[in-house]
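The two complexes that follow have subunit A in common; it is paired with subunit B in the first and with subunit C in the second.
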Partner chain A sequence: MALPQPKTDTLAARLSGLDLPGDSGCLKVAREDALARLQATGLPARRDEYWKYTRPETLTAPEVVPAALLSDRDTPVFDDIDRVRVVFVDGVFDAEASDDLTLAGVTIERLADVDARDIHWAKDLYGVLETRGQTPVSRPLAALNTAFATDGLVIHATGKAARPVAFEYLHRNETSDAHLHHVIKVDSGADVTVLEDGPAAARFNKVMEVDVASGGTFHHVRAQGRDHERRAATHIFARLGEGSVFKTFTLTMNGVLTRNDCVVELTGDNAVAHVAGACVGDGDFHHDDTVFITHDAVACESRQVFKKVLRNGATGVFQGKILVKQGAQKTDGYQISQSLLLDDDSQFLAKPELEIYADDVACSHGSTSGAIDEEGLFYLRSRGVPESEATDLMTLAFLAEAIEEIEDQALADDILERLQAWMARRRRD
Partner chain B sequence: MAALDNTEVRDGVDRETVETVQAMGGKYKYGWETEIEMDYAPKGVNPDIVKLISSKNEEPEWMTEWRLAAYERWAQLDEPTWAMVHYPPIDYQDQYYYARPKSMDVKPKSLDEVDPKLLATYEKLGIPLKEQMILAGVEGAEDAPAEGRKVAVDAVFDSVSVGTTFQAELKKAGVIFCSISEAIREHPELVKKYLGSVVPVSDNYFATLNSAVFSDGSFVYVPPGVRCPMELSTYFRINAENTGQFERTLIIADKGSYVSYLEGCTAPSRDTTQLHAAVVEIVALEDAEVKYSTVQNWFPGDENGKGGIFNFVTKRADCRGDRSKVMWTQVETGSAVTWKYPSCILRGEESQGEFYSIAITNNYQQADTGTKMVHLGKNTKSRIVSKGISAGKAQNTYRGLVSMHPKAKNSRNYTQCDSLLIGSECGAHTVPYIEVRNNSSRVEHEATTSKVDDDQLFYCRQRGMDEEEAVALVVNGFCRDVLQALPMEFAMEAQQLVAISLEGSVG
Partner chain C sequence: MLEIKNLHVKLEEEDKVILKGVDLTVEAGKVHAIMGPNGSGKSTLSYVLSGRDGYEVTEGSATLGGEDILDMEPEERAAAGLFLAFQYPVEIPGVGNMTFLRTAVNAQRKARGEEELSAADFLKVVREKAKALEIDANMLKRPVNVGFSGGEKKRNEILQMAMLEPKMCILDETDSGLDVDAMKLVADGVNALRDEGRGFLVITHYQRLLDHIKPDVVHILSDGRIIKTGGPELALEVENNGYAGLKAEVA
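After this line comes the complex of A and B, so read on.
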């Protein structure tokens, strides 16, 4: 057996040839700090507790494993929604393909432009929530991102956004290695929805920092593209003020490796955080949802709803944690993770954790795994529904609880439609 | 239990529960010390100490080698840090690894020859070492028929077994029940075959240390088709200061046999901490059934968190044969730090593992406990019911693994773990690992009281109860079920525990 490589070696290899971008801009200090954090923790390795079920090697190696481009491109998921389109091609902002970035209630800027300036509000947020999210569990890929991300958007919502902001991530280069970093600030009483769609790159590392002030509202719906060989490590770091609302939903269809970290801190009383995800995996597919929700204020509510449908050897991972700090009384925490294994080769690995230091709380979690309900299947077939269709119907019903977490019906319909298309395609294959 | 007296208890937590927890964690009843002259091995652990322990037990050479190999391995290992327990670093060289009452220098041939001081110690603990005596403190025991009351006891005092009762009667049934040191001498073929086969020498830091330095413990062999005629039990008593206790228990249930085994443990109240690292191995062959029950009542430390036992225990059962069954029941109320995961390897087809646990922590106690159910064989079943209660400034963690291997088709697991917090300065945590690698198995993990059986709820509600009442009834009934799984000898503790309700529980 080969001995595991020391962490310092892997890190040195990864960093060789990488230079910190922007030598004088306002984000310089944040980037240097991030690099120091990364050097202190090293890159993730299999023996790290939160990388037990997901192999990080292809995400940390200096070289990108090439990812073939999909021949039958999907139309953007949210095509029917009136939105501000922001297009990134292999992690680089494409101004021509994007809409005009003027939007009532919201200021949208490019990270590169912000970085070139001496003073900007984003300086007080860039890397700040990521740093907070490094304890108690380190997230080295996020620190790597903060240090080296060259592009991304800086969004400031000051009122109710007239339209959602939609990021479209196009993948056109088989060996692209993209780092995108978005910073989103939602002012008190402001309300903005961010949509994300597309495979982004052969290897994609994304950080999104979301700071929601008291009474602010942030909605996020994303569909991670189905380019089969793409690899992605994404992170959301959110901080919620008093009475604010944060809701995120992710649909993942295929992709050889996806690791989605979501770190939410409820710091103001009565804040609400919902984190949901549905994933369908077929064959060589590994999908990992790692969620960490910290209750640090009174009477906050958090919900985690994750559903995974797996077949032909696909692997689904869920690592979710609710941490209720001392004094965070009247917390309402809920967490459910369920998998539907459509055949004997697929696997579901879960670690649904609770860590509670307050006595007046209602926290519950559940986790189940099993095959499709034979009785339900039989019922549908006895009514003349062909087996494959019946399986799809049952699968959709299983995923429904997660999709229902999307508040906006039009967005939920788009997600459902995309899922149905995916299933129809599988049925044909 | 000063810590609880002024605690404000929130609505929904049963007052009776609080009082029971208070009573249980109140004055530690077993904190006295027996004044007796002891022989100690020099402090610290090294190959010479390992050899010394081996020679004190008059072990054959293969056993000494086995221990030395374990020591070599241990010297290379690091102490694990993943558990949610915090304690000052343990100086492994500042402990006695072997302590024996002087009067045990010449092994007593029968219980009549045992030092009366030792006998008195056990009598005071309510564990009579005379065969005609009934167990003290068990309500209703006086009225029970004589046959039903018999319990064979192996009494372990610090590093040695003081005596084992009912050996002759058990022998008639073919059951071997003796100290492990005796088994190594008298039944080497069985020990050689099974020792370390369930918990390998290199299993983990504490098990490896135990393999090197275990001084005594119990050995049970139940031959094919025999239903052990009485309950077997081991009572562990730590008495000497600065002394670690490292006992080893090996239970082999041959084809179609049945045995119920009880374990109890106490220690004097001291303000220095003491180390206890035990290993229990159970082998269940075809159609065999083993019931293993523990009431762990080591000294928990005082109300300021001073002293107490550091309890690092590895317990594992190997359900090797088809249709074998192992049931772990534990009531954990003692120890300053508990690190304990009684587990089942479900290797045989249709084998079953069950784990019922009630862990109560108070003051500064910390418990990280749970189970592993590893499903390897087809149609295997496991059930986990864990109730954690945390009060004062204590931390209580459930940590468990349910693993369904690809070949464990049509297997089933059900896990329920509830926690209850009394007071705002304690913590309750749940760290379950769930690994499902085939789709014909079903795994369910839940931690809510509202998820009680719908049919039962419906039945209660139909008879006019409101939902809350119905849930309380069902949950309480369920809790009682767990407690009734405990043998009568633990009835005293169990009777108190029945008063505990988990209405205010969180997942």
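After this line comes the complex of A and C, so read on.
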């Protein structure tokens, strides 16, 4: 079917400045296939149902809207964690700034190096989970990424990783337009934690494909960087084997536009997927969490926990779906999305969805939007806690359920510390 | 200590007048009790004194140690030494009871220009005071008042009072919902705080609390006015004749 003219035009404009990498080796076919997928769907447009609450124009336009660099840079969020640091500057791997990539239990390679080879296991994963994630809803920005991303990491966990692998995304160029594509394969019984931190670029398009074999464990904690004018469209595609565990948490503070898609397929029995996020936005802030979890095996558990604090006209979006396929009996699916609106100008748009084709399942979802509890606030103040501090305490309490999804206490503490700092900065002004 | 003069209060949102000229002075070292039927304005008085939104003072004044408190923020009143034990303590999910207590104690110390308590010192004091009120470690860890029984909530109020060591304590129906044992615990907690420099205003619907916390003065509040003031014997009179009898007698 031919694309409508506006979509054809938008795509042509976007592709005009992009060329498939000429020296592509084992990923060449995957890139060509991705380009074909993209040409079939076109880029997201405002009228698309899946982009009802988030305007995609600045994510699909050929030109990048410049994003000022944050003046008061933080130290890396996970600085106190013993980790393997992998640094990307505006989406380009910086070997100099990075640690040595040798890590017991894990093989870490650069995507560009993998692509230069004729044969590599990553060929069977690169773009594969992304392709699976294109149905029933198309995700054209992910296909664009698969076609054109030249940097990223290819990680193979064969045992228990000695340390977490931490990506640090530095933003130094006000007009950078970065594509990163990571491929992560977790073998049976292996266990790895991936951390991400930083704004990455003025415009950041990132895909992470995670394949967790039976009994494997994957943890992911990310903080998206405080640069106010940055824009990001990120996708996580995960496939979970029998008895495997996949847990991801995202902290988003600031950012004029963020769209985080997380697509999880539970394909082996007794697998567990937790997808959580906390975001705090002040003013020109639009944050969209779009989650799609497919239960295609027996007795799997999935949890989605999303909390948003919005003030001064900030907007939060949540589109979360649980699809339980026929035969996925004993599914335990939970989803909660809540927003705390600190004023009348801010808004939260939520679209929770359940689609169930099995009869023996327990699925629940809830979505709420509310102001700070005045009774609680007065109670705290009556005990001598100043209003601003009391508000922060209540706000952190609101976010607690999401932060508790982070299993590792040291990582959770790092996240909490950043949230407290974000609030303290606002208490000052 | 606490001086209330001709206090008139109406609801902010409606034209409903609740307090119609209350005069009351609680001296340091004394326990005053306010008794009155439901709806007479007892909680309103305690809320207005502690600075809750929704009420408008149309006339009169209230001072604490000579300082006008009605224009202060609730946290400023607390720092000035006012404490209200709520009739209905508020549940705050997500905020640990211990964090709450420590934040409150340190906020008040800071407001008064004192140094914050170290975590270790704080813990030591809390444990000691909690023990006297039979509040266990679990209750200290749980979110503020969430899932607490009625009695636990009231004991938690007294623990906060003990930690904050206010100059002027207002207790709003702290006896309601308590069985005899819990009431004794609460009363012991209050009595332990009785001190030359501290004033108490004990609001209650029933006389029984006053068997345990012996008041110096008893006031009867009815329809927004103090209709009678007397000694402890007045509480017994209410117990025997009810509020109706008293109202008839005054009218």
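To be clear about the criterion, the second predicted complex is superposed on the first by the 421 of 429 C-alpha atoms of A that agree within 3 Å, B and C clash if a C-alpha of one lies under 4 Å from a C-alpha of the other, contacts with A are read in each partner's own complex, and residues count from 1 in each chain.
The rule is short, and it goes like this: a residue touches a chain if its C-beta (ideal position, glycine included) is under 8 Å from a C-beta of that chain, and two chains touch if they have at least 3 such contacts.
Only a predicted model underlies this, so the values are computations on that prediction, with no experimental measurement involved.
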Does the superposition put A:Leu393 against subunit B (first), subunit C (second), both, or neither? second
Output check: A:Ala112 vs subunit B and subunit C. Expected answer is one of first, second, both, neither. What do you get? neither
Of the two partners subunit B and subunit C, indicate the one touching more residues belonging to subunit A. B
Which superposed partner A:Leu380 touches (first subunit B, second subunit C, both, neither): second
Once the shared chain is lined up, is A:Ala412 touching subunit B (first), subunit C (second), both, or neither of them? neither
On the A-aligned overlay, A:Glu401 touches which partner chain: subunit B = first, subunit C = second, or both, or neither? second
Which subunit A residues contact subunit B in one complex and subunit C in the other? none
Subunit B residues touching subunit A - in the complex, by the definition given at the top: 10, 82, 84, 406, 409, 419, 421-448, 450-451, 506-507
Subunit B contact footprint on subunit A (complex, rising order): 49, 326-327, 329, 339, 341-371
Show me the residue ranges of subunit C that touch subunit A in the complex, using the header's touch definition. 50-53, 73-75, 77-79, 83-84, 86, 89-95, 99-100, 103-104, 107-108, 111, 143-144, 160, 164
Interface residues, subunit A side, partner subunit C - complex: 373-376, 378-387, 389-390, 393-394, 396-398, 400-401
